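Take this structure, written in structure tokens, and hold onto it; I'll ask about it next.
Order as written gives the chain letters A, B, C and D; numbering starts at 1 within each chain.
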């Protein structure tokens, strides 16, 4: 990773408010190394593409069978045979390639993608991910490629607000929702902080509009500062 | 040997009640709508349908579901904004559902086509979708044993076929088509155009003729060809 | 299969001598149904191609990645990038396609080829095949695609002389050479007879230059006439 | 991101002693001779080489063997009319040999590239090459458990690359290249020509750029390009 790898201590941006959705996407884009092969999950992660520098050399993968995906198609560009995983019409960049679903998921499962960015309902301190099912008894289960994406990149980044609408934290000691993957998340980008998660526990890399101490007080998981 | 059919009705005439039917497409891209419509007219029922989604809107797979022909749906992502037909059947208890992670779905069909008895996948480990399945640690990583999904029939939407049945696809409409073509006893393909053998570049053929049993040209290009 | 499937009793051609190598190849070619997808093993089986009718529609597979293989290349046709499994330069027919090794053997292992023709050191009454290793302690083991071919076609045909140079029979109660595949051979085409082998034992379909009774006297395996 | 190298020496400069090197080609078709020659000059030794054959004549892989750099050979078919280099080393006890059925060899590398932990193959069951391996009956057929073969380096011969590293192959020289490209940590490719990105048809790309680390143009076309 780029910017964050140069951090040697936790940075607290207390002179500003929380990140907007666009700002979150911009921060994620900042941390994707040039030339990476990247899959952006459906929904909020898709927005990261808007903030990748034109000369970044980042190549986007869409699991429905393409490398070299371009921006959303508009007007005459719209072609129903060319969509992203969210079924939104997209465009093709020079150097693109198409492949079938088994090859596409082999690419993912085989660990060839550098970065995958996903949304989440919950992430645990150990990096467990819950993003496919709320566990509500009447919900129709639908997983799509979520479980494949969760285990299918060298770095799995999650983008989410840190707190649900009812105020409960989504970074938790252990997920209460059904899991998507075990210990698969590397970093969590939220509106108020960026975390590293995993077997070493939770490290706060950056905060936005909140101090480290205030953040620690609002979460049930043990936090560490970088270079503690 | 591949049979070039006059129409979609001829192509699906012998699909039997109780068949497992693999239906290509990711959303509507690559969906073999004309073959599905013909299957509705043909009347086969008590079907198991394997497809990524469980129908969109009121056409294609959704129409087959609405006609009450499907006993069981195997898919990765049934719940979509426009999957009201499936949603209604599911909530009414009128259809069985097996949810499979998208990459495992593709790889299980690839295994069926490739003569693989079963395979260990890292996808889904530790999640509800791996419950009851054999788990094994190999080289420090945990895998779940997945078995092939074989079809009696595959309905595939491709772009162009030659008269021998070699196929090329178009952009992300390729998706599940090439995999399903290998995984069914009888593979039936709708294309926009049938060209003379020798026209397709042998380096660019995606589905070799050996996997294709019947081809039917549909849509504007086919009608134009017929009229000329 | 064609000609032999219409047989209702064992045919003894005692008015002639044993089959020449060319005649054996011709008999095998006769029994390959039109439109079949066929793999011809290295060596003697390659010769079968010379006797396939031009309008047979038979498509030849070569396991190094091609369907639609044409005859051996001569003169200017020779292209070192286009060979058969025996590394002999060949040609490309209209409707050909190229694919990589994993796809090529998936095609084979998945049972998509109709017929495979192989040479053999020994075949057992039950259809076990030994054709890769004499078991000599100083021999360098080399299997190539033999084991994949042995289990990779709907019908596996063996072409061999019935007796080795030292007079010992190569159709045996049980193979003494290391096995290539278990119970995989359907028919054995030899210079003096054509046999059906398998779990039902050995049935003599045709003889050439020898009577059924004389044949039975020279073999250690129990024979049956067709429709016994 | 793919690096376009000036020459083969630069491309293989960092191959370490003791590496597992996947070497493309079926006989000489697709054999990356320039990369192998560079590897000989580079001096890496104690190598495990995975390739279909164990060298032909005195060039390419045979020359690497003759230079004494290979500790262990994993292949399907070492014994050929022109494999005198390997034969001599083997009989002198100077090289280890693992013989793998050709289809299992291809599929084991595919598994490595596709993140499959192991798979059940019907090939080799009941033969000496399955001895000591786990066997299981699935749906009435017997299978043997096969594990992935992963390379530290793959040396691949392709036809044309674009500057991003997308590859196309030529005829049956495709063979193991696309599979090996997915199965190694570092994939190094020699091509006849490097073209501008956007020149290759995205529908016809065989190896997407994500699998390619380094590309070098060799041979007549490359020399001409350099001179111009």
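Here is the rule we go by: contacts are C-beta pairs under 8 Å (C-beta built on N, C-alpha and C of every residue); 3 or more make two chains touch, one makes a residue touch a chain.
Every value quoted in this text rests on a predicted model; they were computed, and no experiment measured them.
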Longest centre-to-centre distance from subunit A, chain (CA-based): C
Approximate Å spacing (C-alpha centroids) for the pair subunit C, subunit D: 30
Centre-of-Cα separation between subunit D and subunit A, whole angstrom: 35
Residue list for subunit B, restricted to those that touch at least two other chains: 107, 110, 114-116, 121-122, 169-171, 203, 206
Residue numbers of subunit A (touch at least two other chains): 92, 98-99, 106, 108-109, 152
Touching pairs - complete list by chain label: A-B, A-D, B-C, B-D, C-D
Subunit B-touching residues of subunit A, taken from the complex the two chains share: 62-66, 79-83, 87, 92, 98-102, 104-106, 108-109, 128, 133, 138-148, 151-152, 178-182
Interfacial residue positions of subunit D with respect to subunit B in the complex: 107, 111, 114-122, 136, 138-139, 141, 143, 147, 168-171, 201, 203-204, 206
Sites on subunit D touched by subunit C in the complex: 26-30, 52, 76-80, 86-87, 90-91, 97, 99-107, 109-110, 121-129, 142, 169-179, 206
Contact set on subunit C toward subunit B in their complex: 34-35, 37, 57, 59, 61, 67-68, 92, 94-99, 106-113, 152
Residues of subunit D that touch subunit A when the two form their complex: 1, 110, 112-116, 162-164, 166, 182, 197-198, 200, 202-203, 205, 208-211
